[in-house]
Structure formats: C-alpha cells, structure tokens
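Next come two complexes, and both contain subunit A; in the first it sits with subunit B, in the second with subunit C.
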Partner chain A sequence: MLKKLLSSESAASIIALVGVVIVFTLINNRFLTRLNIEGIIVSASISAIVGLGMTLIIAMRALDLSVGSIMGFSAISGALLLSHDVPLAFVVAVALAVGGALGFINSQLINLLRLPSFVATLATLSMILGGELLITDGATVTIRNSMYSKLVIGRLFGVVPWAAVIAAVVFAIVWIVFHWTPFGRHIAAIGGDLRAAAGAGINVKAVTMGVFTLAGVLAALAGLMVAGMLQNADSTVGVGAELTAIAVVVVGGTSLMGGRGNLIGTVCAAFLLASVKAGLNIANVSSKYEGLVFGGILIIALMADGLRRGARRKGMLVV
Partner chain B sequence: MSSALDNGVVAETLAQFRTHIRIRGDRTGAWILNIIILIFLFCWAPNFFNAGNIHAVLNDASILGIGAAGMTILIMAGAFDLSVTAIMGLAPIVALLLAGNLPGPLIVLISIFTGAVLGAINGIIITRGNVAPFVATLGTLFAFGSIGAVITDGNAVYVQSPFVLELAGGKVWGLIPYSFLILLVVCAMCWLILRRLHMGRWIRAAGSNIRAAHVSGIDLQWVYLFLFVASGALTGLAGIILTGYLSSAVATQAPNYNLNAIAAVVVGGTSLRGGEGTLLGTVLAAWLFAMVNNGLILVGVNSYWQYLATGVILVLALALGMVSSGNYFSTRAQSRD
Partner chain C sequence: MAENTLVVRRESTGVPALRATGMRKQFGGIEVLHGVDLELRPGEVHALLGENGAGKSTIINMLSGRLSPDAGRLELNGERIEFKNPLSARRAGISMIAQELEVVPTMSIVENIFLGAEPSWYGLIQWGDARRKVTSVLKELGVNAEPGRIVGSMSVADQQLVEIAKAIVGDFHVLIMDEPTSALNLQDTERLFKIVRRLKADGVAILYVSHRLWEVFDLADRVTVLRDGNLVASSLIAETDITTVIRAMLGNKSSLIANAERPRKSAADTKEKTPTLSLDSVDSGTLLRNISLSVHDGEIVGLAGVLGSGRAELCEAIYGLRPIDRGTLSLNGAPTNLNEPKASLANGVFLLPEDRKSEGVFGHLDVRENVVLGYNPATDPAAVKIASTTTNRSSWRLAGAAPIPAPAERRAFDAMRAALGIKCSGPSSNISHLSGGNQQKALFARGALSHPNVMVLSEPTRGVDIGAKEEIYSAIDSFAARGVAVIVASSEISELLRLASRIYVLRSGRIAAEVETTSTTEEQVLKLMAG
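Presenting the complex of A and B:
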C-alpha cells in the first residue's frame, strides 16, 4: 500500500503536504487548532475548485490563463446582482452561467479563429479584466447578504465548512466526468495526441468547448466563494489566480505535456498551498515569504521528478 | 573581396532569404494594425505626434521591447520565461541596494549581472533538474518576487544616480529616448546571435525539433543555459531602465511583464510552436501596445479600456496573420500548441 502510494504521481504532493503539516505543527502547536484547520480547508477548497478545472484543461494539453479574470468577473456580477436584491439562488445561477459563457467564448476563439489556447486565453484574461474595471469603475461592491457568506464559511451540521462540501461535490463530478465518461477519455486522448484523436473520430471542437466551458463555470464558482468569504467583490478578485492554479496542478503531478490529469494530486497541492500560507501566518513569518516557500516546493517537486526521469534520457530536455 | 562570395554562399544566402520571407509573412498582422492605428491617431488625436509624446511612447515600447526580444529568442527555442516579472523588480533592487551611491554605469552593470545570475538559476533548474521551462520559471516567479519583497520589506528603493534617471528621461534630437537606442543595440545583438552565430542555428534547431537537435549532437544544456542567462540579463537591463523612469524600484514594479512580453512576441508573428521568429515583429508589436495605450489616453477614454484593447489587438493580429499567410485555410494549422 505504502509502496504503491510512493510510486504514484501524487506522491510528491502528498509527501510535501504531510511534511509541511508536521513542520508547522512542531514550530507552533496552534497549527492544528480547529480554527486554523477550517481556514485551511476553506482556502484550499477554493483553489482546488479552480485547479480541478485547470487539470482538465492541462490534461487536454491546453492552458487557460483567463480563469483568474473569470473569477473576478463572476464575483462582481454576483455582488452587483445581490446589491439589487435579486434572490440568492438566481444570483448564483447567473454568475455560474456568466463564467460558463466566458469559457465558451474562450473555446470559440480556439475553435473558430484557431488561436493557440495560450494566446486566446491571454487575450480574454486582459479583456475580461477590462470589463470588470469598466463595470465597477474600479470600485469595490459590498455584499450585505449574510446568507451568502454563510454558504462559504458556515458549517454543515456545525462541523464541515460548506466550502469543503462544495469542493467535494465538484471533485466527485469532475472525477466522474474525467474517468467514467467518453467525454473524459476524449480529453485525455486529445491531450495525448491531437492528430490521432481527431483521426479516431473524436470531435475535438466539441470537447474543447465542453472543457473550457466547464473550467469557466468552476472558476466562476470559486470567484463567488472568494466574494462570499471577503463579503465584497472588486477587480482584484482572482488576479494572478491562473498562474497559481497552474502551479497547483503541476505540483499535484499533472504534466503540462497533456494526456493525463491527476485530480487527487491537484486537491493535495491545493491543501499544500493553503497549509503553507496558514503555517507561515501562525509561525509569525511575513506573508512575503509565501512565494519563496511555495516556489521552492514547486521547483523541488519538479526537480525530484525530473531527476528521476532524467536518468533515462540524459541530455534530453523537456521543453 | 568578392572571392569570398562564391556561388555556393550566394545560393545558400538566397535560399535562406526566401525561407525567411515565407515564414515571416506572419508579421502582417502587426503591420496592418500599426498602420490602421496610426491613421486613426492622425485623424482623431493629432497631438500624439508631439515630440514629447513620441518620446514617452518610444520609451514604453523600449522597456517592453528589450524583455520581449529576449522572450522572442526563448520562444523560438520552444521555451518560456515567466519569471521576468520578478526579475524586473529584483535585479534593479539588488543593484540599487549594493551600488546605489556608485557611478551610474556600475549600477546598470550590476542590474544586468543580477538578472543574468537569476537567469542562470532558471537555466540550471531547467537543464540540470530536467524541469520544463514553463513550470520552472513559474516557480522562480513566485520565489524571486518573494525575495524582492522580503529584502525591501515591500518599500521602494529610490534612485540617486542621474545616469540611471537619464536612461529613460534623456533624449537624442529631442525625440528619441536612450532606452530606444539600447533596444536597437539589444536587437542587433539578438539578430547577430540568431543569424550569424552557431548558437542561433542551435536555438532554431532546438525549437523546431528538440529530439532531432539532441540526436544531431547539439549541446542542449548549454543552449538553454545560455538562453535563460541572456533573458535574465536583458530583463535586468529593462528593469533598471524602468526604475530610472519611475525614479524608484519596487518588487512589483512590472506586473504582468511576462504575459505582456509573450503577447508582444505573439502579436509580432513569432509562433509559439518554436523554431522561427521575428525580432522586428516583436519590436513592432511592443510599439503597437505602447501606442494604443497612449492613444487611448489622448482620445480621452477611460484607462480601463486599455485592457480590452490589449486583448482585441492580440486576437486581431493573430487572426490577420493567419488569414494573410493562408494558414487559416490549410489543414496543417490544426495543431494548436
């Protein structure tokens, strides 16, 4: 069992997560208090939701740089609708639909204009951010609906934060879609070899549309959760989240080469990132060191992986 | 003298020239957009053409262009450097902290050197650790950015040296900023490397087919180490110019410089597939972005439109490039990375 775990692709992130938890617990025993753990769970749930969408995208050997902007845009549209006393369920539905629509636009730029996903989503990253700023005029939209924030930081049965429940549901759905449906197999097939997949009769455009739309919906969900946690929304929600999400996916053991996606690894890496943040905070280290620690973990995890593979193909580089 | 130009060399040069013309058709998008926007500015914002304004736009374009020139070579070799955003802040900070009171040229050299060292760290992680450049530099983006914030405690470091301030502020003939002359020198050096040295051939070989390059005996480790050191050094140079422009250095002084540089490279017509690229296109695109941002302010629209404009330019330039080169209609363009 242990041997199987160590040889699996998520091994690096699991080991790093356990290591980080042990180190921070030794540094300060307040690390394992209920309040701190809940904070970690809420923050990890949000980045895991974005990361799961990104895992599917990367499994298809594409990238989505616009998820951060989609988070901000949906958070702002949700907050604006709430400030006009629109019913909560309707607000959530509209914000998710907005995210899905933005993801759909990404997929159409890729399908119709034949842009590389990197470039198409780089363009929409900028455009959606511009849209956010134009709608809000750079101002912050406050959320006064107390019910809404409870949906994120409140607890189910007084124990489990709702954020974790939402993330678990998302994980289950993404897992089933990716591993148990033809659609999921097609994602991996396209990521493995686009031409072969197209030759085998897979509708590449339809799959691209589905994956980017799904990633947009998930990013919108994460944006709504951030807004619920902060009780407000502005254009800074989600800034830089795309690179963090890619880092989370990669630390989780999914290769940018496509063809495979490690959903469990992504969730572990999201917990790893959240634990590092919370741990540094509790150890009284400035949040300025977060990047150094997380960047260091990212590089060490990849180098460990790279050296393991490098023994086989010396001198060849992965580019 | 003419004996050196024997027939074989001439034929080879001509053949090379033809392939360049064919491959570089992608610059069309950048050219067309440049012309359209210049006409637009000529009609609706004539004060764009004031010497002072052109100076400012050239300066913005040069700061982006110097980093983007390095990024062009990297993308030609099939690699990315996402850490340039952090190096833009960290290199000048280190230079100012170490040598703030020394003569100006020394500050610039130390900034370039710091950038080169940071680039070497990238290169060593990538070549020795066998890590893909995209993710390796994503890691160092977080790490270098964090180091910059830690050593300055999030504060600004002020520039005392008049030399550094002059890099962006000084001008030749009342119009051209020194930064633009530096950009020209940088482009000339990159062009030399790409077209006149063995390194350039190795870079293009590695970018178009890395397995073939490896099999044919090219020392890929050396090529990529060189590329990342060069990219780091150029970013250190761009960083100190930006610092002179802002008269202080902050760790986060160039947010999104990595993505903007990649956008400039792509709009210029260099394919993300690697193997070929165009420095002139990159410079044209850097000018295009700087001109549009400046023009939007002159026309008097809200500065938030800049973000929309950046995205629209990206999409338009690529679509135009594809249609003009016939790639859009060919089935070969279906590979999307």
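Presenting the complex of A and C:
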C-alpha cells in the first residue's frame, strides 16, 4: 500500500506535505495545536473544492479564471438572501444555481463564440466582479444566521470540522464522475487529443458545458463557505482564488497540457499550501513573504511537470 | 492498356454486406471521384488499390461516415443508408482502422478502446467488463501490455495495434482497414493476418487498402483498382496477377515517363569523387536501420517508399530533426554532427518539408517576408559586394543584430521571383492567397537564398497542379546544374524517374534497393517498394 502510494503521481505532494508539517513543528511546536490544525483544515477544504473543479477544467486542457469572482458573487447572493430571512436550504440552493449558471455562461461563450477558455473567463471574471460591486455598492453584507456559520466552522461529532466533511463529499462525487462515468473520461479524452476525441463521437460542446457548469457550482459552494467562515460577504471574497486554484492543481501533479487529472494530488496540494501559509504565520514570518514562497513552490511544481513530460516524450520527435 | 485489364464483374450471389453505387465527390470544384461502385460481401476480403490520389481515401471515408458523398447510394444488407458521422457508421456495424493514429496518448489502452462507447450500468462504467474484453483482444493481437497501460508510453507499432483493437472490439460486420500494416513489423503483420482470416471465417466483410501488393495477393479474395477517381479493374484475385494489377494502377502513364529523356549525371560520372553528403550505416529512432547512401555535387537522387517505409523520417534525420543513433553522416567526406536544423543550415543543408502548411509557410505573412525569412545579406556572396561599402556595420549583420536594409531584401526577393517564376500580384500579397505551386516556389526561393550545398526535398510537388509541377521540376534541375546535391523523396515514382539519376528504394526502414533510373521502370520500382 505504502509502496503503491509512493510510486503514484501524487507522491510528490504527499511527501512535501509531510515534510512541511515536520519542519514547521520543529520550528514552533504551536504548529500542531488544535486551533492551528483546524484552521488549516477549513482553509484547505475550501481551496480543495475550487481546485477539484479546476482539475477537471485543466484535464480538458482549458482554464477557468472566473472561479474566484463566482465565489464572491455566490457569497454575496447568499448573504443578501439570508438578510431577507429566506430559509437557509433555499439560500444554498439558489447560490449554487447562480454559480452553475455563471459557469454555463462561460461554456456558451467558449462554444458559441469559439473563444479560448482563457479569454472567455478573463472577460467574465471582470464582468462578475463588476456585478458584485453594482449589487453591494461596495458595502459588506453581514450574516446573522448562526446556524449557517456553524455549518462551516462547527464540528461533526465535536471532532471533524464540517468544512472537511463537505470537501470529502465533494471529492467522492468528483472522483466518481471523473473516473467512473463516460462524461468524466470524455473530459480527459478531449484534453488528451481533441481530434481523436471528436473522432470517437464525443460531443465536445456538451462536455465543455458540463465541466464549466460543474466548476461554477463548486466555486459557488466554496464562496458560501468563505462567507460562512467570515460571517459576512463582500466583493473581496474569492479575489485571487483562481490563481490559488490553478496553483493547487499544478502543484498536485496535474499537467497543464491536459489529458489527465490528479484529484488526490489536488487535495494534498490544497493542504500543503494551507499548511505553508499557517506555518509561516506561526514562525513569525511576515505575510509579505507569502507570495514569494508560493511562487517558488509553483515553479518547482512546473519544473517537475516538465521533467515528467520530458521523460514521457523521450525518444520522440521534438521540434 | 486499361481495356486489357478490365475484367467484367461476376454476378454476385447473395446480398452484399455493404454496397456503394455511383459514388461521386468534389473538392474545391474539382471532382476527384467519378461514380465508383464497390461491393463488400460477408466472409470476403476485398482489396482496394490505386496510386496516391486515385480516390481510395475518399471512398473509404464515405463508407465510414467521415465524408458525405455528393452523389451515390449506400446500401447496408440491401437497405439504403446514410451516415451523418463516423459514430453513426460505427453504430450501423461498420468499423474502420484509420491510417492515422486516432488514440488519446494520455489515456490507458482500455479507456482508448471503449472511448465514446463505454459499457455502463446506471451511468457508471463497467471497468471490470471492459478490461476482460480488452485483455483477450490484446492477447490475440500479441500486445504484451496491461489494459491499464498509458497508450502514449507505448511504441508506435503497439499504438497501431491498439487502434486495431479499437476497431475489432464490439459488434460489427464490415471492417475497413486503411494501410493497417504501415507501422507494423513482419511478426505483427502475420498476427494481424491471422485475425483478418478469423474475422473472414466469422462472416465479416473486409475492405483492405494497402500499398503492399504481395500482402494483398496473400490475403484478399477480390481486388478493385482505382485510377484518377475511376474504377479501372475489379476481379477475383485468383483470376489476375500482380503485373496486371500494377498496369491497371498506372494506366498508360508508364509509357509516357520512359520518354522523358534528358541529360543527367550518371553514377559513372561521380563514382570517383567524394560525395557531398553521405550516410554510412545510419540507425535513427525505432524505424530507420542501417541506411547508407550518397549524393554528389550536381546530382539528383530519389528516395522511394510507401507510407511508413521511413522515407519522410530519413529526410528529417538528414536535416537533424531526428537524432542519428548509430552510424555517421559525412559532408564532403568529413563526419559531421547535424543535431539540429541550425547546424544543418550553417553547413549548407536545406530541407523542404513534406507538410508545407504546418512546417514551411507562415500563413499570416506576405510572400516577400516568407521568402527572405532568415536571409542575411552579410552572408550572401551575391550581396556582399554591394554591402562592402558599409563594412563597419556588416559585422553586426553577421551576428543577426542589425536591421536588414529593405532594398537588399527587395533585391533578393525580386531576383528569386524572376528566377523561379513566382506568380503573385506583388511582394506584399499574403502567401495564403497563392496557389500551392507558388507557395512551394516561395519555399524553394527561401532555400535558394541560403545558398545550400545539399537540398533535401520531401514531396516537392504534393498538392501542386500539373503546370506548376513542371516548373518546379525545372527549378530542381537548375539547382542541380549549379552544383547543388539534391535528394528528392516522393511517393510518386514518375516524379523520381523524371528527376533523379539514381533511386534508393526504402522498405520497412531499410534500403531495399538502389536502382539507376536509366535502366528501370515504374513497375519495377513499385514491385521493389511492395517487397
């Protein structure tokens, strides 16, 4: 079991995660306190949920830059509905539907206007952010529903944070969809070789629609969780989250060249980045250095990806 | 000649599995298939033969739903049918092994084989089921790999076998095989034949397209020959022979070519001299083995071979696009390492790539820019005299750092345009608007500006109309007359006979024969290629 795990593509991020935990514990034993660990779990769960959606997008050799703004939009929608005393279950359903609808719009821009996903979602990123400011007028919406925030930072059986439970359920669903359904395999096929996929009769537009809609729903869920954690929502929710999501996917061992997706790696990388962030904080390193450290991790991950691909293509013509 | 070979079709017994009648197809206003009939019967292997451009691919693409016919009728088991796409043909029981690989390299064997047709239960793929089916097919094909193996990590031959496995898993009663053995070795080919015979016994109707005539005579029951989009012969294999079939494929072209007499260097003239470029027992990649050849100043040699024989790969190996793993490449007798195109160009070796669109022409640039790309007047002996008045700057230019003066470029372009007869409305017309022949001439001009000693031309007249072909031939002749050593690789034997003094025939990555063009015929070369 251990041997199989080490030889798998997720090995690098698992080893790095263990290493980071050991190093930060040695630097300051406060790293392993319950409060710190819970903080890491909640924040990692949220970025893992966005990252899992992004893994599918990248497996299809696409990018979605709008997930951060979708997080903000759904958080604001949810907070506004709650302030009008709408029942919680209904609020969650509407906010997720809004995220799905925004993802659907992304897919239609790509399918109908034949825009590259990078460009289409760059445009919607800007538009959704603009929409958030128009709705809130730049103000913060406070959430007074205590049950809502308990669903994120509260604990199941007093032990496991609900955020982790939600992330685990999302992981199981995405895993089954990606590995055990024709839809999931078609995502990988499109990313691996578009011509061969189309030749096999795969409806590329339908798959694109499904993937972007799913990524939108997952981003909306993450947005709701952030709002629950902060007990308020404004247009800063999710800012920069698309870059974190892409980083989490790449560090987790999924190649930007598409065709494969490493879901376990994505979750491990989410925990890795959350641990590094918390560790730097505890080691009293100024948060100003965070960007530098994260960028360094990303470069190492991309180099590893390049080496892996190089090995795979060895002996083949490289022009 | 064609009349002699035309055998009247026998009246068929029973309903054909797939019948095509009067199939026609136009591309860009030119009809390439002029009403062809074809009948595939259960339990019969039907071979389809013809030279490149005879219309073989067009008709099989129509039978498998990849192209829709302009006119004609398809009947499946006696009932009229139309295919919207490859999937609808596959669902109707028509399976096809495409010539080009259509596998997803990042996915496993089993995922590739069932892609688009995954066996599922309430939406979940039944991997266990799929694996079991794949394991038995792989065993039959002799592929020694787990079903979970990633296809991109396998050899090209094994990938081809996966492509074949994809076609023969599941239900079908018509199988179209387009050059299925082009990437296979002898052993794999034998195994494939065994499977074809088993499928035949099971009552599958098989259409077999191949350039390898011996293969066809070994395997097929019936043969149909296409030439220039017409059906010229169809008969039972038992009632014909290879010579008759080759004559039908060539028509009366072969007699025309023999007349194309012109002065050219014979091997005797050059035997004593050091060759300009020579290969000595060169191995490259998984295909090319023990290649030895030589070409002298002012000589044109041909490379003949079917698809997959290593013809295109050899051109790329000479130019440094593929590594030479063993053996030596020598220029003027000195072993040289051309490990990348930059080194080749610096040593005066130029390659005209086979795929003009993707590897040669810059479609968004104009003709002049395409021609003078990489042109440096400082290294051009013809331009240096003019430039010598500004010597203080020419050292910059040698390093490629100084801007190239527009007049120098203009002069270079005008000279080339006149020499090669490039027809365009002006230097600034977009190259994409030019005909294929003129685009090719522009690429020739780019090569000529680098003053090469060796030109490697891969399919120099592919997609070029007949008039422009002659002009390109005379351009090649004039390069040779100026002392350039020329290697022409082509799938058109008539072209090689027209241009070259010697032809190397490639088969399965080895040089199978070297022939003098004065003492050979198209038929002989074709036989050598087929092996």
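The rule is short, and it goes like this: the second predicted complex is superposed on the first by the 296 of 319 C-alpha atoms of A that agree within 3 Å, B and C clash if a C-alpha of one lies under 4 Å from a C-alpha of the other, contacts with A are read in each partner's own complex, and residues count from 1 in each chain.
Here is the rule we go by: a contact is a pair of C-beta atoms (placed from the backbone, for glycine too) under 8 Å apart; a residue touches a chain by one contact, two chains touch by 3 or more.
Everything numeric in this text was worked out from a predicted model, so none of it was measured.
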Partner chain in contact with A:89 - subunit B first, subunit C second, else both or neither: neither
First (subunit B), second (subunit C), both or neither touched by A:62: first
In the superposition, subunit B vs subunit C on subunit A residues touched: B
Which superposed partner A:120 touches (first subunit B, second subunit C, both, neither): first
First (subunit B), second (subunit C), both or neither touched by A:259: second
First (subunit B), second (subunit C), both or neither touched by A:35: neither
Partner chain(s) touched by A:159 [first = subunit B, second = subunit C, both, neither]: neither
Touched partner set for A:181, first subunit B, second subunit C, both or neither: second
First, second, both or neither for A:195, with subunit B first and subunit C second: both
Partner chain in contact with A:26 - subunit B first, subunit C second, else both or neither: neither
Touching both subunit C and subunit B, counted on subunit A across the two superposed complexes: 195, 315, 317, 319
Residue numbers on subunit A that touch subunit C, as the complex places them: 176, 180-182, 185-186, 188-189, 191-193, 195-197, 199-202, 258-260, 312, 315, 317, 319
Partner subunit B, residues of subunit A touching it in the complex: 61-62, 65, 109-110, 113-120, 122-127, 129-131, 133-134, 137-138, 194-195, 198, 243, 246-247, 250, 255-257, 286, 288-296, 298-299, 302-303, 305-307, 309-310, 315-319
Residue ranges of subunit C in contact with subunit A within the complex: 85-87, 90, 98, 101-107, 111, 115-118, 120, 123-125, 127, 152-153, 285-286, 316, 321-322
Parts of subunit B lying in touch with subunit A, wherever the complex brings them together: 77-79, 82, 125-127, 129-136, 138-147, 149-150, 153-154, 206, 210-211, 214, 220-221, 224, 259, 262-263, 266, 272, 274, 302, 304-312, 314-315, 318-319, 322, 327-328, 333-337
